[in-house]
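Okay, structure first, notes after.
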Amino acid sequence: MEYFLELVFSGLTRGSIYALIALGYTMVYGIIGLINFAHGEIYMIGAFTALIIATVLNMYGLPLPAVLILAAIAAIVWSAAYGFTVERVAYRPLRGAPRLSPLISAIGMSIFLQNYVMLAQTPNFLPFPTLIPEPAFLEPIASMVGTTDLTILLVTTVVMVLLTLLIKFTRTGKAMRATSQDRTMAFLVGVNVDTVISITFVIGSSLAAIGGVLIASHIGQINFYIGFIAGIKAFTAAVLGGIGSIPGAVLGSFVLGLTESFATGYVSSAYEDVFAFSLLVLILIFRPAGLLGKASIEKV
Amino acid sequence: MNVITIKNFRNALVTALWFMFLTFPIMVIKVNTTENLIVWRWHNLLYVGATAFTASLLTALYRQYRDRKRSQQQQEEGTSRVSWNERFFNTPAIARPVCALGALFFLVFPLLFSTYQVNIMTTALMYVVLGLGLNIVVGVAGLLNLGYVAFYAVGAYTYALLNMHYGVGFWVALPLGGIMAALFGILLGFPVLRLRGDYLAIVTLGFGEIILLVLKNWSEFSQGPGGISNISRPGLFNIQLSMEATLNYQYYLTIAMVLLTIFVINRLQNSRIGRALFALREDEIACQAMGIDKTTIKLTAFALGATWAGLAGVFFAAKNAYINPDSFTFLESAMILCIVVLGGMGSILGVIIGALVLILLPEYLRAFSDYRMLAFGAILVSMMIFRPQGIVANIRQSYRSSKDGAP
Amino acid sequence: MNMEPILSVRGLCMDFGGIRALDKLDLRIRAGEIAALIGPNGAGKTTFFNCLTGIYTPTAGELLLAPPGQPSRRLNGLKPNRVTEAGLARTFQNIRLFPGMTVLENVLIGRHCRTKAKILGAILRDPRTRREERENVDIGMALLKKVGLAHMADEVAKNLPYGAQRRLEIARALATEPLLLLLDEPAAGMNPQETQELISLIRSIRAEGLSILLIEHDMKLVMSLSDYIFVVDYGRKIAEGVPEEVRINPVVIKAYLGEEVDYA
Amino acid sequence: MAKSGKIFPVLASAALLVASVSPSFAAAPIKIGVAGAHSGDLASYGLPTLKGAELVVKDVNAKGGIKGELVELVLVDEQCKPEAAANVATKLVSDNVKAVIGHTCSGPTKAALPIYRDAGIVAISPSATTPELTQSGEYKYFFRTIASDDRQARTMTDFVLEKLAPKKIAILHDKGDYGLGLATYARKFIGESGKAEVVLFEGITVGQVDFSAVIQKIKRSGAEVVIFGGYHPEASKLVSQMRKKRLDAIFVSDDGAKDEAFIKVAGKDAEGVYATGPTDTTKNPLTIEYREKFKKAEGADPGSFFDNGIAATLAIINALDKAKSFTADDVATALRSEKVDTPFGEISFDEHGDPVGIGFNMFVVKDGQYVTAE
């Protein structure tokens, strides 16, 4: 029973990591129907920016809490800027182009950003500091779940709730929903579609930055390739949950994380990804729009 | 006239400043947390600014040029626009000698160049086959397959395993590899056909990963990450060939394979099946309403595409005499997809040019090897923005009625 | 005129998540006649076509196709391509041609379900395949001639003027050799002269023995062309009859007036 | 191998054109190929060999070369990709090299060796460790200046069984050629010894963000020692997360983890971690000499396999110099019989092509440094 619980916590930790990245995927997909392959790279850039800024500030002798907060803010600012720029440069000129064009553009952007960071920084792994201290009162459960894990879990939940509220109740959220349902109609009723899409990218990228900082701190090291690997999994999770749906992305991530955890715990970690992808195929066969996605009826 | 207005200038300045801000942490500060070193590279900021400034101005100029061309075309409404390749193919006086020269070049290639060049060209030609195969699925039928490399792996491992365990030769394995891959194509096709667009993409991606993981983990079956070595090269009536002769022989075999592929795909495209595939890409609902069985035709597309990947896989295993799972990663699928899209979806000539450019260019850009992938990514993005139809746009076949008197 | 019904619809219902788009619709179309389905916007006309052609699966009801001299066939639950094979062909309200393919190719797609060539045949081009292909092109060209598009056979469909695209859709539907042709607002967006040409085209199709069911807004066209008219509103049939009867039916007038009031 | 023999008369003119471009044969220096990962993500494993070879050849040429001929290196890059390795191997063959230093990784080496064998060229790898390369007996012209995985696994298991003496051992690997190979040998040797039980044998996914599930599994298995076959990024992730989950089983890894980066990344969690690595060479005068030369030229410390690369270059040049002729048989014989002084001390090669005199030791992290474990 304890083992089972341990596996559940492992699954939830992994799931919440996926979820932080998956939320950005699902938002962008919800608005413009594009698999933003470069999203994982934004996450990676967030982690790099945080590390760079933190190292510099540390050298100038700032106190640790200030370093942490400033580095996290820098990561968010720059990731958002990258997300915004990527959309402007690589996706906006392709509105209305055949469906495959933006996808190829996204793959190209992903390759470009990976190599950009590799060349400008380093191909090697860099150590990333542990940001969140482990207080003594959590020691009894430390063997099951760490402080960083709990923080990630908490942040994921808060972010999901905030996002859902944002989309349900704010003006921007309404504009987003309108844009995602029918871009032309949204434009006709006075929604500034370009701005809404830019806002979506900025929000999604900021989330990726938060994810980047927390996850890098959990793993303890970063290099230019971390975005790609995590990105593929996060995207799988988003599809599993029903891409375009915010709660779906989180649910899908947890389902994926738990599946992998149980696959490792009771079968073999060598086959965890086989289980993950097989689950994806199975779910899509029975629910073609994912767990919480809405099946769309095409107008004829 | 192209004029750089003050507005363009200001925009370029803003762009330059924005990119200088954007790239500041990554480009200027280099941290080495293992050594606790910080290097400030302020000069990079200058380069970024200058590049962004120039790029912005050039884009503005290009937009002017494009808009002017468009308005010209609108004035000349009625005269239908003809792309360069259409003009090329419709002018036999130019097309024939150019094609003949091209054919001659490929024919005598091994005599003119070193074995290394021949080997590289053989690789590039294999990608032509792969590209043409994927073109059936993505370019013609419009089904986005991100796990195409899985079928390539199936073909390669079919030959490698049969050769290792039973000593099966290349010529026997070739059709078997194609059939195995087709079976896998149908196996994958059945569950995923209900899915549309991007869902299909992610499931095929997952399928590719599953195949790769099985090859890596199931060592008893596939020899695991160590791979399979000493695979027999293709034989020629039991004649012992020198290495150079073998390589040349492989080159000509691959040429034959490419020709066969072009022949088959060309005929398929202009047939009942090919038209149905095209129609599927254009409008799925109308396609069904016209009496085309969506399921069958999608399965056909998957199986056809997979067959070609399987055949190419057998070639790959035979050419390298050694395979391991690392050759069948997602990046390979992405590469083949890029060949198709860059070359021009649905266009045979386009895919050929796309494969040759994407495979040969990096080989000859070794000097810039570090910047190769960076340039590759940038080229993909700019191609999509400036020429989304690819290098060679697809042209439709014209048919002649027997009553018109033409053949 | 042959009075046997070629299509019988009984109690057809279609629900979309609690909203009933079609409510117990009954209608019979006799072989060789031109029938029309009219009704205000949103009355469920196109939904009816979609149910009929297998794009939607009806919630309840019977769809029976009775080819002359053959036992009747239930169409419910058949996939769209099976419906087409059974002998129903349609056009679309918002034109759905294959825009990147040539005019002739569009028609050849219509031939798909009446031909057999397989992959092997396509590659080898054996005599049978070649003969089939030649026949296809001949039939296609003949159809294009009939709709007046023969001179544009090699043009890419999306470059065609609007009226020509509508006619191409009809040619494509005819290529499937249907018993019953379903036309969804064939005259929408056409100028008076094009409409006139369309009327004579539809008449000539009927003259070849096909039955036609059309959805149309252009009352003049409906009244001058149809043998029999069904009127639907809110998914229900509110009237039917020959044009003269329908024209003076108070229920119909009210339904249409009501609509016009909405617009005013 | 010469191309000129088979050219069609019609194309003779074209061939002449090509021939006039390529360097003429009379003044040809002795060419040695250097094949490996010189770009891409694994370049850090291949570049040190290349730099080392360049330094050695510079010295050799300064002293008059081999048998009076200068030595020229032909550099080819395959990024550790097997399909590219087959291509560059044919390039080296058509460039008429006398020997090849390479390849960096085992997979590409497997792909290239049949080509060198058929062409009659000796290859010497500084870093390809898969045992069957030498032990299969298929490649009589293949040598290496690094001990094979089974010897490393033997060093590792001997140390673990004798010095740490656990009852239960968990073995993990990264599913790669190197990691899985090593793990498989370790399992085999432990099983044969009968002194301990392998309670877990699992592959982990490279690049995965979180290993807690597999760590809980280790915990449940009750293993006192965890052996990991793979490279340092995964090793540091594993050991850090193990400690976070309060699992303090002893962590033992391989040469892939015996890297400064491992200690930097794992930080305090690295303390007490064992890793096998080539015998300490830092006191050898040749090592010191070449490390200094490298530092002068590049301004940094050389990376992985630098010493092995130097050793391979010295060995092959020595063999070419001592051999009766440049045929592969003579060069191979010279490699087996002639002892040569390298950063590892005096070495020669056994009949399989494995080095005699290059061994492995066990190291342990103490105060942020790898020191030889006793």
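First chain written, first letter: the chains are A, B, C and D, and each begins at residue 1.
Just so we're on the same page, a residue touches a chain if its C-beta (ideal position, glycine included) is under 8 Å from a C-beta of that chain, and two chains touch if they have at least 3 such contacts.
Note that the coordinates shown come from a computational prediction; the quantities given were computed from them, not determined experimentally.
Touch-path distance (fewest steps) from chain A to chain B is 1. Any chain bridging chain A and chain D, meaning touching each of them, is among B; the list is complete. No other pair of chains has as many C-beta pairs in contact as A-B.
Ranking every chain by how far its Cα centroid lies from the centroid of chain C, the top place goes to D. A summary of chain positions shows that the Cα centroid lying nearest the centre of all protein Cα atoms is that of chain B. Chain A and chain C have Cα centroids lying 48 Å from one another. Work out the mean CA point of chain C and of chain D, and you get 72 Å between them.
Centre-to-centre separation of chain B and chain C, using mean CA positions: 41 Å.
Note: centroid distance chain B to chain D, computed from Cα atoms, is 34 Å.
Within chain C, contacts with two or more other chains are made by residues 55, 92, 96. Looking at chain A, one finds that residues 124, 126-127, 270, 273, 300 touch two or more other chains. Residues of chain D in contact with at least two other chains: 175, 203, 261, 264-265. Within the complex formed with chain A, the residues of chain D that make contact are 41, 43-44, 175, 202-205, 207-210, 212-217, 219-220, 232-233, 236-237, 240, 244-247, 261, 264-267.
On the chain B side of its complex with chain C, the touching residues are 80, 264, 267-268, 271-276, 278-279, 282-283, 285-294, 300, 304, 394, 396-404.
Contact residues on chain B toward chain A in their complex (touch as defined above): 18-19, 21-23, 25-27, 29-34, 36, 38, 44, 138, 144, 191-192, 194-199, 201-203, 205-207, 209-210, 213-214, 217, 285, 330, 334, 337-338, 341-342, 345, 370-371, 373-374, 376-381, 383-385, 388. Against chain B, the residues of chain C that register as touching in their complex are 53-55, 79-81, 84-85, 89-90, 92, 96-102, 104-105, 108-115, 117-119, 121-123, 125, 129, 132-134, 136-138, 140-141, 153-156, 159, 172-173, 176.
By the touch criterion stated above, chain D contacts chain B in their complex at residues 1, 3, 6-8, 11, 14-15, 18, 38-40, 77, 81-83, 86-88, 90-91, 93-95, 106-107, 110-111, 114-115, 118-119, 130, 132, 138, 175-177, 180-181, 203, 260-261, 264-265.
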